[in-house]
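Each structure below is given as structure tokens.
Each of the two complexes below includes chain A, the first together with chain B, the second together with chain C.
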Partner chain A sequence: MLRYLTRRLVFAILVVFLVTVLTFVLLHLLPGGPARGILGMEATPDQIARFNQEKGFDQPLYTQYWDYLVRLLHGDLGDSYTKNEPVSALLAQRLPKTLLLTVIYTLIGIIIALPAGIWQAVRRNRAADHILTTLSFLLYATPVFFLSLLLIILFSQVLPWFPAQAAQDESLGSVLADPGSLVLPIVAGAAAVVAAFSRYMRSSTLDNLAQDYVRTARAKGTSERRIILRHVFRNSLTSVVSMLGYYIPVIFGGALVIESMFNYPGIGLLFWSAAQEQDYPVLLGVVLLIAVATVVGSLLADLAQLFIDPRVRTAKR
Partner chain B sequence: MNDVLRVRDLGVRFDTEAGEVTALDGLSFSLGEREILAVVGESGSGKSTMAMSVLRLLGGAATVSGSVELEGEDVLALRGEELRRVRGKRAAMIFQEPMTALNPLQRIGAQIAEALRNHDPEPERLTQYRDRVRELLERVEIDDPDRRMRQYPHQLSGGQRQRVLIAMAIGCEPRLLIADEPTTALDVTVQAGILDLLRRIRDESGTAILLITHNMGVVADIADRILVLRAGKLVEQANSAQLFAAPEQEYTRELLEAVPLLGGRAEPSTVDDNGPALELERVTVRYGGGVKAVDEVSLRVGRGELLGLVGESGSGKSTIGGCALGLVRPESGAVRLFGTDPNRAKRREALELRRRIGVVFQDPGSSLDPRMTIGQCIAEPLLVHREGTKSGRAKRIAELLDAVELGAGVADRFPHELSGGQRQRVSLARALVLGPDLLIADEPTSALDVSVQATVLALLARLHQELFFGCLFISHDLAVVDNVCDRVAVLNRGRVVEQGERTEVLGHPSEDYTRRLVLASPVPDPVAQAERRRARTGEA
Partner chain C sequence: MTTTETPERARSGVLRRLIRHRLALTGLVILVLMLLFSFLGPLIYGTDQVHTDLGAVRLPPGPGHPLGTDELGHDVLGRLMVAGRVSLIIGVIAGLIGTAIGAVWGAVAGYSGGWLDLVLMRIVDTGVAIPALFLLLVAATLVTPSVGILAVLIGVVSWLVPARLMRAETVTIAEREYIKALRAIGGSRTRAVFRHIIPNAIGTVMVNVTFQIADAILLVAYVSFLGLGVAPPQTDWGAMLSKGITYTYDGAWWLIVPPGIAIILVVAAFNFIGDGLRDAFEVRKRAAQ
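And then the complex of A and B:
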């Protein structure tokens, strides 16, 4: 078990390292370069050369990357080009807000999706199943930005129930002080989670309902209710849990759109503006953060699998 | 004698996309206290459907008609909670695949306790049933019950899992046990133990047992009375001794004749030594640094000789097949194909060696590419070895399809359009398309019905006569090996315990393990089987 965990961890670190290489190379291959982006179109070649020298952009890429990596290991993600602040400080300030939003809407989404999926599986091919299936496909097919727009128009403009944007203050407290402003972003995010995970849960439950062990449980006189709650639910959960781990980048991707739609001051919005301003250090910092989150997510999913499934426990010993 | 189960005019129809299919039609029989009634038939005969319909486990697609009376109460009229109270209480069921029939995420103890709790008028927490669970595990002779009940299904062996299912079934002392192929997934020695256990449960508690099986040896061992089904209809019912001695119906006779008999071929085989096709010299294989799957095994298959390799699951049979094919690399020892070690041969040489080997696998359903036509499947070895022109290949395919008695017409069809037996004929044709000097057949008939097995084995014998290839015939079925092979090697835990001429090894085994294996293999003859049972258990 320990060997398995160590191997898994080493692998995770390797993946993060590869991600830093990839994003670094990709961002430097972009046309224009940071000098043009920051100094503007009127900058003279002389100014650009001086800027590049100052920031070390005249060095070969591998030297730049090496410097980046060394600083990274010291927790230094560099300074933002446009915001005059260290990237780590920007991330530390924004991350709690994004976490707040994503954790809440993912949780709410899952809490709705699991029972909905089970219910659909139990009532397979009946009216209720068809209606929920149609709804979840509709949600699944609706882009998040469009859903966000609809929500803003309906529940902020037509019916002035909730504000269309979040509190713009720096602190997490201010966001929490105005919970009404969280409602629409959470609904938008949770909708996507419900759409995806009720489908997973439905098919996973259906697979399990067709298993031999369910027949055994029936044959010994177990009630249908108990079969679902005691046998099928836990078995279905195994596949959904691992799915959730791999779903983290998708949830982050959703946050990017939602935050920019509702002007919510989280990581997503930071990434959005950094991309427009070609603020390399911030972009790299966010990408790295998401990469780490993804790797940690799949690691957690595997750990959860160990916890739920005794077969995995034996196999990995 | 009181009838525990009375089935009258039972009919089952399934609503499928292809229309309505009748699975059972007008079946009537009864089963008395203490009686073991075996229901036999080949796949598709409706025997499992019948078993399921007694406890109404068939699901929504099935329409059941007639009546199923359990101790006088019509099960088919029961609804919801009433039905739940009957299941596991008045009649309980034992299933075929003990691995999948248990919940993989729940401890053994909890699963047995649930069966008790389901019929407890005042249900308690599952842990409260611990003592009773321990008693049940002791009754089905599971060692160390306290440890076992905390374990999960995957931590038990197949035989132990089957015992757990039995413990679960007898927990509420049902008057009827329905056992659906309870030993099919098990080794013969384990099977013998399970049959003994069922017999004892009947003797001690007077439980009636409805046994569904395709194995005539099992039937001869344990059944009092027999029901023969074919295509959903009752062919014949008679008591055991009578049915085996003098079957009334033609179909029953055919069924019995198709069963290969251990010791059924008296004359020893004589094969001239034409040099070796396959030699294994002290071959050892270890998977992933763990235990040895194959331990210092030496074997020899001469040209034109049929060597049977028998053993129970996990004995290393298939690993040896893999070594011969060059798919498994031995840790030590030497493999020689026609005098050359395939693991040391150069690419070209190795390819040439492979050209001279044909192989047939166990499951014809999964060993043929579902997206290739039969013709393409058979032609693939020719293409791999760049042999023949297009028209030449088409001719060869037609020849082979004739040789395996399918006819050239099936060349354009797909595997799923054929039956299991037909598919195995295709596998055989594919194995023989290059005219191999060595055929490796890994459990080639295990997935087939006996009547189909008989025809495939006859075909193999005929082709061997004509083409004279050496053959490594891997099987768990001693009777099949006895009927097909010239020499036999017996494998136990990766070691060859005995090898030699067929009539010697299987007729007069010198090793204890072989003797036990031979005695545990049930023969389709109640009188002989009773004698063997005595010899095995040492009863007076």
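And then the complex of A and C:
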């Protein structure tokens, strides 16, 4: 088990290292490099040379990469080209809001998807399963922005129940003070999570229902209800936990679209406006943040699985 | 599972295959219709999608314009056809590119094993950690996207799932006798991968192609929606939606509902087909064992 953990940790560090190489290379591929970005398009070659010398951009690449890594480890992600603020400060300001939104809609989505998937598996190939299967495919095929748009038209214009825009303030408190503005973004996000997880839960439950332990439990006269709730559900849950870790990039991808649809001031909207303004330090800072979150998330998911599921513990000794 | 094969169960099995099949069939019919609509449609229903007609801006659906006109006076029905062409072409090419890269990558990793496998698969992990949409937006700030460039970009960011699938398949195949025999007589790695591993593992990967294409079409829509898609006068369904949003507050539903439904139909169709293919394939696999 210790060997497995060490191996897993080394892999995680390796992946984070590769991500930093990628962001570093991208930052250097950019037209004109960071100097153009900061000094603007009118900068003379002379000014650029001086800037590059001051910032160490004329050093060999490996020296620069090392400096970049050292700065990253100190939490320094560089400064935004357009906002005159360190990227880390921007991220720290926006991240809580994105987390608030994504955690709520992911939880709601999972709470709906789990029973739906199990129910589909139990009623497999009956009408209800086919209807839900078709629905979940249609939901999966619906771009989140189109769904958001329909929600805005229906529940903000036709029926003026909820605002179509989030509270525009820098503090988390202002978002919380206006919970009505969170309703539509949460519904849109939760729908996307339901589409992905109910399919997954259905097939995972089907796999579990075919296992020997279910047959044994049935042979011993355990009620179907108890088999599903006590045995199959718990077993499927472990696979959902491990999937959640890998699902983090998808959740952030959804947040990017939902935040730009509802003008919700989180990481996604920050990224989107940075893309319009070609603010590369911000773009790459967000990419790095999400990548690290994913690596840490999947590591935690694997660890959680070790604790929930004794079989994994023995198998991976 | 109750082990006795009651008549009722047998019937539901037939029914199941029929309905399963029916879902795939529905998908196929939708797809063919959408292909005809996008590629043959413009030949039958000719409209000017290049020049603006400021005298006929944002007309609601009516005679002459079955789905109305957009903010530049283009006929929406005709626009839906040419936009569909772009979305479908990019989706299919990107899906194939992603699958091709992934298949070779996964086969090489799985067949080589050892440190090469380890490094190649960690690169896949790295790719998985970065959402494709974010990478595409960064890339779209660097180049001006055209149909070809978008297809390649989306293909290049969507090779991860095929790579993992292919590796898993390869590891199983590499254990078989004929591959061992090939190694014993000193066959080269390249030959093993391209002549034996890939052709034998391709089934699983090909089933996945339909899902790859579906996801690629969604990605194109997302990229265009975020304002970084193909440049005008070309357009795709995502870009049409993106433009239409400005006018939803004026009640111009015909600018957003048709492209939205087109995306849903095509993406769902590919998923239906993929689901049917996967079921059929799994049945065959089980029978072979």
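To be clear about the criterion, the second predicted complex is superposed on the first by the 271 of 317 C-alpha atoms of A that agree within 3 Å, B and C clash if a C-alpha of one lies under 4 Å from a C-alpha of the other, contacts with A are read in each partner's own complex, and residues count from 1 in each chain.
Quick note on the criterion: a contact is a pair of C-beta atoms (placed from the backbone, for glycine too) under 8 Å apart; a residue touches a chain by one contact, two chains touch by 3 or more.
Nothing here was measured: the structure is a model prediction, and the numbers come from that model.
*Asks:* Where does A:215 make contact in the superposed view: on chain B (first), on chain C (second), on both, or on neither?
*Replies:* Touch status of A:215: both partners.
*Asks:* Figure out whether A:22 sits in contact with chain B (first) or chain C (second), or with both, or with neither.
*Replies:* In the superposition, A:22 contacts chain C only.
*Asks:* Does chain B (first) or chain C (second) touch A:63, or do both, or does neither?
*Replies:* Neither partner.
*Asks:* In the superposed arrangement, which partner chain does A:6 touch: chain B (first), chain C (second), both, or neither?
*Replies:* neither
*Asks:* Would you check which partner chain A:53 touches, where first means chain B only, second means chain C only, and both and neither mean what they say?
*Replies:* neither
*Asks:* Examine A:286 and indicate which partner it touches, taking first as chain B and second as chain C; both and neither are also allowed.
*Replies:* The second partner, chain C, only.
*Asks:* Is it chain B or chain C that touches the larger share of residues in chain A?
*Replies:* When the residues of chain A touched by each partner are counted, C comes out ahead.
*Asks:* From the superposed pair, tell me which chain A residues show up as contacts to chain B and also as contacts to chain C.
*Replies:* The overlap between the chain B and chain C interfaces on chain A comprises residues 215.
*Asks:* Which residues of chain B touch chain A in their complex?
*Replies:* 55, 57, 81, 84-89, 92-93, 95, 97, 100-106, 114-115, 118-119, 152, 154-155, 165, 168-169, 171-172
*Asks:* Can you check the complex and tell me which residues of chain A touch chain B?
*Replies:* Touching chain B: residues 211-213, 215-223, 226, 230-231, 234-235, 238, 308-311, 314 of chain A.
*Asks:* Which residues of chain C touch chain A in their complex?
*Replies:* 1, 12, 15-16, 19, 23, 122-123, 125-126, 128-135, 137-138, 140-142, 214, 218, 221-222, 225-228, 238, 241, 245, 248-249, 253, 256, 260, 263-268, 271-272, 275
*Asks:* Under the touch definition given earlier, write down the residues of chain A that touch chain C in their complex.
*Replies:* Its residues touching chain C are 11, 14-15, 18-19, 22, 26, 29-31, 125-126, 130, 133-134, 137-138, 140-143, 145-146, 149-150, 152-153, 157, 209-210, 214-215, 246, 249-250, 252-253, 256-257, 260, 271-272, 275-276, 278, 280, 283-284, 286-287, 290-292, 294-295.
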